[in-house]
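What follows is chain A paired twice: with chain B in the first complex and chain C in the second.
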Partner chain A sequence: MFGRTIRAAALAAAVISLASGGALAQKKYDTGATDTEIKVGNLMPYSGPGSAYGVIGQVEAAYFKMINDKGGINGRKVNFISYDDAYSPPKAVEQTRKLVESDEVLLMFDPLGTANNTAIQKYLTSKKVPQLFVAAGATKFNDPKNFPWTTGWQPSYQSEARAYAKYILKEKPNAKVAVFFQNDDLGKDYLKGLKDKLGARIIAEESYETTEPTIDTHIVKLKASGADTLVNISSPKFAAQAIKKIAEIDWKPLHILSNVSSSIGSVIKPAGFENAQGVVSATYLKDPSDPQWDNDPGMKEFQSFLAKYYPEGNKRDILLITGYALAETLAQTLKQCGDDLTRENVMKQAANLKDWRTEALLPGIYMNTSPTDFAPISQLRLMRLSGEKWELFGDVINGDTDD
Partner chain B sequence: MELFTNQVLAGIATGAIYACMALAVVMIYQAIDHLNFAQGEMAMFSTFISWQLMQWGVPYWGAFIITLAFSFVAGIAIERILFKPLAKAPVLTNVAGFIALFAIINSSAGLIWDFTIKQYPTPFGSAPFLGSQLISTHQAGMIGVTVLLLLGLYFFFQYTRIGLAMRAAASVPESARLVGINTSWMIALGWGMATAIGAIAGMLIAPVVFLEPNMMGGVLIYGFAAAVLGGLTSPFGAVVGGFLVGIFENLAGTYIPGVGNELKLPIALALIISVLVVKPAGLFGRHIVKRV
Partner chain C sequence: MSAAEEVVAEGHEAVEAVPKRAMTLGTGTSVVVLLLLIAVPLFAKNFVIFQLTQLLYLGLAVLALNILTGGSGQFSLGQSAFYAIGAYVTAVMMEQFNVPYFLCLPVSAVLCFGAGFLFGQPALRLSGVYLALATFALATAMPQLLKLNFLEHWTGGVQGLVVTKPDAPFGLKMSQDMWLYYFTLVVVLAIYILSVNLLRSRSGRAFMAIRDNEIAASAMGINVALYKTLAFGVSAAITGVAGGLSAIAVQFVAPDSFTITLAIQLFLGMVVGGVGWLPGSIVGAAFIIFVPNIAEGISKGLSGAVFGVLLFLVIYLVPHGARQVVVQSEAWIAKIKQK
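Our next item is the complex of A and B:
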C-alpha cells in the first residue's frame, strides 16, 4: 500500500517535472511573438489638438529601430506598430481593435491620454492584452486588483500631489493652503492627494472650467481667502494666466505648480519669467533644455541616439526624452521576459521591475513595481524657477510612502 | 465688502473683453441679420497675423494697422466668396456655412502656428492702473479703446452717408435698393468692418488670455450673451451688455450659493435665453429700431 503511494507520487513528480522542464526549455509564445519578432502596438495623437505629443511615438519608433539594429531583444526584432488616434477616445478604441485583432500585437504600449486609455482599458482587460506604461498620470491606471492588465509609468497625479504636501508640511507646517484646480479628473486626482496629507490646512478651493476665457476672478477670490500657499493644478494656458495674474495683483504666496504645466517654453515664458520667479514644481526626468545635463553621460548617449536615429527631432524637447525613457522601460521588461513571451509573463515582468533606472531619470530616482503596485515611478525631485530655468533642490521625495 | 469691490472690478476687466467681442458681433448682425459663429475664430486668425508680423520685426502699431487692413479685405473676400452665394438660402444653410468657417479657420491656425500658447504684447503695459491691483493699465486701455471704437461707430452710422446707407441696406433692403443703394456691397462692407473690429478685439484680448487657436471659444459665447443683453441692433447696448455680463458672472459665481464656478458658462447661456424671452430687443435695442 505504502509502496504504491510512493510509486504514484514518484510518477506524478516525474510527470510534473517533465512537463515543467519541457516548458522551461521550450519557448512559450502568445499571439504577437515568435522566434524572430515581437509585435508591439501603440497609439499616438499624430493629428488633432494633441498632435504636439506625436513626437513621443516617433522617438519610440526610432528607439526600437536602434534596438533592432543592435540585434533586437533576446534575438527578436521589435515590430513597433503605431497608429494615429487623433486624441479621440472613439478612434482610440477602433485603432486598438485593429491592433489586437488584425495586426495581432502581443501588447499595447504607451497609448497617450487619460481619456483614451480609459476608453480602451475595458476592451484590453477583457481580451487579456497588456496595456503597458500608459502616458497618462491618472491614479486609476495603477489598480492591479480591478485592472490586472494595465500599468502606469509616470508618477501619478496623486503621488505628485503628496510630494508637494510633504514639502509644504516640512517647510511651512502652519501653511494656509489655497488650491486652484481644473474641474476634471486631473484636478480632482491632485486634490485628493493633497487632501490626504494636508487635511484642514487647505483653507480655500477654487475650481475652473476649461471653457472660461480668463480665470482672474478665481485668483482674486483665493487671494482674499488669506492663504499664504497656493497649489496651482491647471493646464498650461490657465497656469500661465494664473502666474501673470498673481504677479499683477501683487500676491506673493508660496506658489506650487503642477508638473503638467511646468514647461518653460509653453507656460513660463509666455507668462513672463519675472512673474514666475520662485515658483516650485516637481519632476523626475532630466530636461534636455537644461544646460546642467549637457555633459551628463546619460544625456550624451540620448543625444547621440537622436543624432543617428531621429535627427529631425528637437533635441531640447522633454517629450523626446520621455518617449526614450518609456521605450527603454519596455525593452527592459521584454528582456526580463526571456523566451517566455506570453501575455501573462509580460505582466509578471512589468510588475517585477526592481530598483531599475534609465539614465533619462534624475539621479536617485528608481523604478519599482510589484504585483500589488503597478506604478513604476513614484519618486520625484522638487525644482524652483530661478532666472530662466528650473533649479533642482532637496532630496528625492517618494509620493507613495508615508514618511 | 472688499471681496465685493474686487469682484466688481475684476468683472469690469473681464467685461471689457466681452464688450469688444460683442461689438464685432453686433456689427455683423447689423449687416446680415445673422449671428456669425465664426466671428471669434476670424478674430483669432487676425491676431495671429499681427503676431506673425511682429515676429518678423514689424513694430506693434505697424502690425496693428496692417492687420486691420488685412482683416477688412479678408472679411469682404469671405462675404463675396462664401456668403454672397448663400444670401437667398435659408438660415440653416448660413449657419452651416458659419460652422464650416469656424472649423476651417481653427484648424488652419493650429496647422500654421500650432496649439501652444503664445505671449502677445500690449501697447499699454501691465502695471496696476491708478494704484488698483485689480485693473491693469492694459485692461484700462482696453476699456478706453472699446469706448473710442463705440464713439467712432456712432459717428459713422449717424453722420456719414455710407453709414446711413449701410443701416438702410440692413433694415429695409428693398427700399434701400430703390433709392439707389448698392445693398450687396453694403453687406460686404459690413463684413469687412466687423472683421476689422474683431481683429481689434482679438489683439486686445490676446495679452490677457494668451494667443492660441482656441482662445476665442469661451469669449464668443459671452460676447453673444452681451450682445443679446444689450440689444443686437445697438453697438452701445453691446458694450454696456459686455460689462454687465462680466460683473454679473463674477457676482453670481461668488455670492449665489449652489451656482458656484461650475455654472459660470450656463449663467451666460441662461442670460441669453431669459433676455430673448422677456425682452427680445435687449436693453437698448428697441430705441435704435424705431429711429430707422
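Our next item is the complex of A and C:
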C-alpha cells in the first residue's frame, strides 16, 4: 500500500517536473542545477590517514567562492558541497549516496583515492551521475566504454611510464633497463606502461613490499644484473633509500624516478643532494616551491588568489595548486555546458576539452579529451636534478600516443 | 581490572537475579522498536534506508563484541579482522563463484567461527589489557594480509572487489535498498533472539560465571578454556555475518575498509550502548554512524575534536551508556505511575 502511494507521488512529481522543464524551452536541467545554482558534490579525507590531502578540498572550496564572488558560471553560483570520507571506502559510499540522494548534486567532482573512487564508481554509473576528474592516477579511471560516467584528470601511471620509456628509447636505444617497483597496483600500473614500450629491453625487475625495513639487497641485485638504466617506481621513503644506496655502491645508471617521489623536501634532501645529481623525473604542474616560477604571471595570479581566499594555506604546497587547477578544469567544463546543465551534457563537455590549459600547468602542456579518451592530462615534461632543484628539459612528451 | 570490567561487575547483581531483563528490553518496548524498524523504511528515502541498513549490520557487529566482553568478560580490539574475513568471504563467493548472497552469509559465519575459535586458543593465556593488545595485533595485521599476492587472484588486492547488489526476489516491487534492509533486519533479529537465548542458557551462565570469577567458575566444574574459546568463536561468527552484510550493502570491499579504526569504533559502540546490554548495540551503532556526521556538520576542520568532545560528554554524563538512560527512564516512569 505505502509503496504504491509513494510511487504514485513520485510519478506525479516526475510529471510536474517534466512539465515545468518543457516550459523553460532551451534551458535544460537535471537534478542539482537551476537558473541560479549548480550543486557540486565532493569527497575529501579531512580526517584519517589521508588527511594531508584535505587541503585540496579546501582550496577547491575557496576557488568556487572566488568564482561566485565574480558572478558565478554563466550566471549560476556554484554550491560546492564537500564531505569527509576519512579515506575509508564504506564511508565514501555513504557520503556519496548522501550527496546524490539527499543533497541532490548535479555531479561528483574530484573524489580522492583509488579505492574510494572504485567503491563509488559502480553506484554513480548506475545512477548516471558524472564522476569528474578523480584524484587518482590509476589507468582504469579512463575507460569510457565500460564506465562512461567517470573521467580521470592527472596523467595516469601508465601514461607517465610511457613518457619515460619514450625518453629512454630516444636517449639510449640500446639501454639495458632495470625496474625497481612497489608491489601494489601503483607499481604494477607503471610496470605495464614500461613494458608496453620497452619490452625485452627490461632485463631485471625487483619488487619490494612496503613492510620491508630496507631495500638495499634489491638495489644490489639490480646492479649485478648489468643494467645501465634504472626506473625507480617507489614511494618517497624507499626512493630516498634507493638513491642513497645507489651512490654508496657506486652504481651510475641513468636513474629515472617516478613523479610520486620527486619531492625535494621529502625525498631528495633526505637522500642527499650530492647523491641525486642527474636523476630524471617528469611533471606537469608548476611547483610553487620552485623559485623559477616566482615571477610567472600564472603563479602570481594563483598566489594572489591564495592571499585573498585561502590565506591560511601553505603557499608553497603543490597540493594547493593541484586543487586550484582541478577546480579550474571543472569551471571550464561547466562554462562549456552553457544553459544545458543535464548530466549527459556535462559528460559530453568533460569529454570535449580541446587544447585547453590553465596557467597552473607547465608551459606547453594542454588538456585534451574526446568521447574515446577521458584522460585530460596526458602530457608531461621531463626534469633533471641539478644542484638543489629540478631543471626542466626537452619538449613536452605525450604518454598516450605512439610517436 | 579495567574500567569496562568494573562496569560489567557492577551490573552483576541484576544479571544473577533476572538475567533476561538485564539483557533485553521489556516486551512493550520491544514491540514498539520492532514496529518502528519495520515501518520507517516505507516512508524514507533510499539514502536513509541505506543508513538504517548500516545501522543494523554495525549494530550486529557491536552485539557480537557485547557477547564477548559483556558476556564472557574478554576484550577484543580485533573485531575488524573477523568483520573483514566475513566481508571478503561473502564478496569473493558472490563475485568469483556466483554463489547467491544468502548462502554466503552462513559460510562467512562458519569460517569466522573457526578463525575466532582458533584465535581464542592463544588468547586463553592472556586477560584484560594483554588480551586487548593481542587482538589489536590481529586488527592491524588484517589489512596487510588481505593485500597478499597469492590471494590477489580472488581478493583483487589493493584494488578491492566490487560486489553486485541483489534485486528483490519473487518479482517484489521494492528497491534494492529496501529489500536489503528487510533482509538484514530478518538476519539481525534472528541473531539477536539467538544471542539472548544463548546468554540465558547453560553456556551463557558459564560465560558470565567466567566473567565474574574465573577460579570460582572452574571450581564449579565449568570448562573455562572451552567456554572462553567458544565465546570468541560465537562472537567472531556473528561479526562475520555483519561483515558479509556490509559487503553486500556497500557493494565494495577493500583492505582499507577494515582498519583498526573500525575495531575501535565497534568497541566505542559497545561502551556507548552499555556493556553487556544487548539492545544497546543498536544505540552504540547509531552513535558511531551519526555522531561523526553531526561533528562534521558543526565544524569541518575540527570534526575529530568535536567528536571527541561529544564522546567525552556521553562517557562523563552516562558512563554506563544507553543502558543507564533506559534503566533510569524506566524507573521514572514507574514512579509517575505510582503517584
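We adopt the following convention: the second predicted complex is superposed on the first by the 378 of 403 C-alpha atoms of A that agree within 3 Å, B and C clash if a C-alpha of one lies under 4 Å from a C-alpha of the other, contacts with A are read in each partner's own complex, and residues count from 1 in each chain.
Please note the rule applied: a residue touches a chain if its C-beta (ideal position, glycine included) is under 8 Å from a C-beta of that chain, and two chains touch if they have at least 3 such contacts.
As the structure is a computational prediction, the values presented were derived from the model and not from experiment.
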item	value
Simultaneous placement of chain C and chain B on chain A, clash or fit	clash
Chain B versus chain C as contact partner of A:Lys98, first or second or both or neither	second
Contacts of A:Lys221 with chain B and chain C, given as first, second, both or neither	first
First (chain B), second (chain C), both or neither touched by A:Thr211	both
Touching partner for A:Ser88 - first (chain B), second (chain C), both, neither	second
Which superposed partner A:Lys269 touches (first chain B, second chain C, both, neither)	first
Partner chain(s) touched by A:Ala119 [first = chain B, second = chain C, both, neither]	second
Partner chain in contact with A:Asp185 - chain B first, chain C second, else both or neither	second
Partner chain in contact with A:Ile249 - chain B first, chain C second, else both or neither	first
Partner chain in contact with A:Asn146 - chain B first, chain C second, else both or neither	neither
Doubly contacted residues of chain A, that is, touched by chain B and again by chain C	49, 183, 211
Chain C contact footprint on chain A (complex, rising order)	2-3, 6, 46-49, 82-84, 86-90, 93-94, 97-98, 100-102, 114-115, 118-119, 121-123, 138, 183-185, 211
Contact set on chain B toward chain A in their complex	2-3, 6-7, 10-11, 13-14, 17, 110, 114-119, 126, 128, 133-134, 136, 205, 208-210, 212, 215, 217-219, 221-222, 249-250, 253-254, 261-262, 264-265
Residues of chain A touching chain B in the complex	49, 51-52, 183, 206-209, 211-214, 216-218, 220-221, 224, 236-237, 240-241, 244, 248-250, 265-267, 269-272
Chain A-touching residues of chain C, taken from the complex the two chains share	42-43, 45-48, 50-51, 54, 144, 147, 149, 157-160, 162, 173-174, 246, 250-254, 256-257, 259, 261, 292, 296, 300-301, 303-304
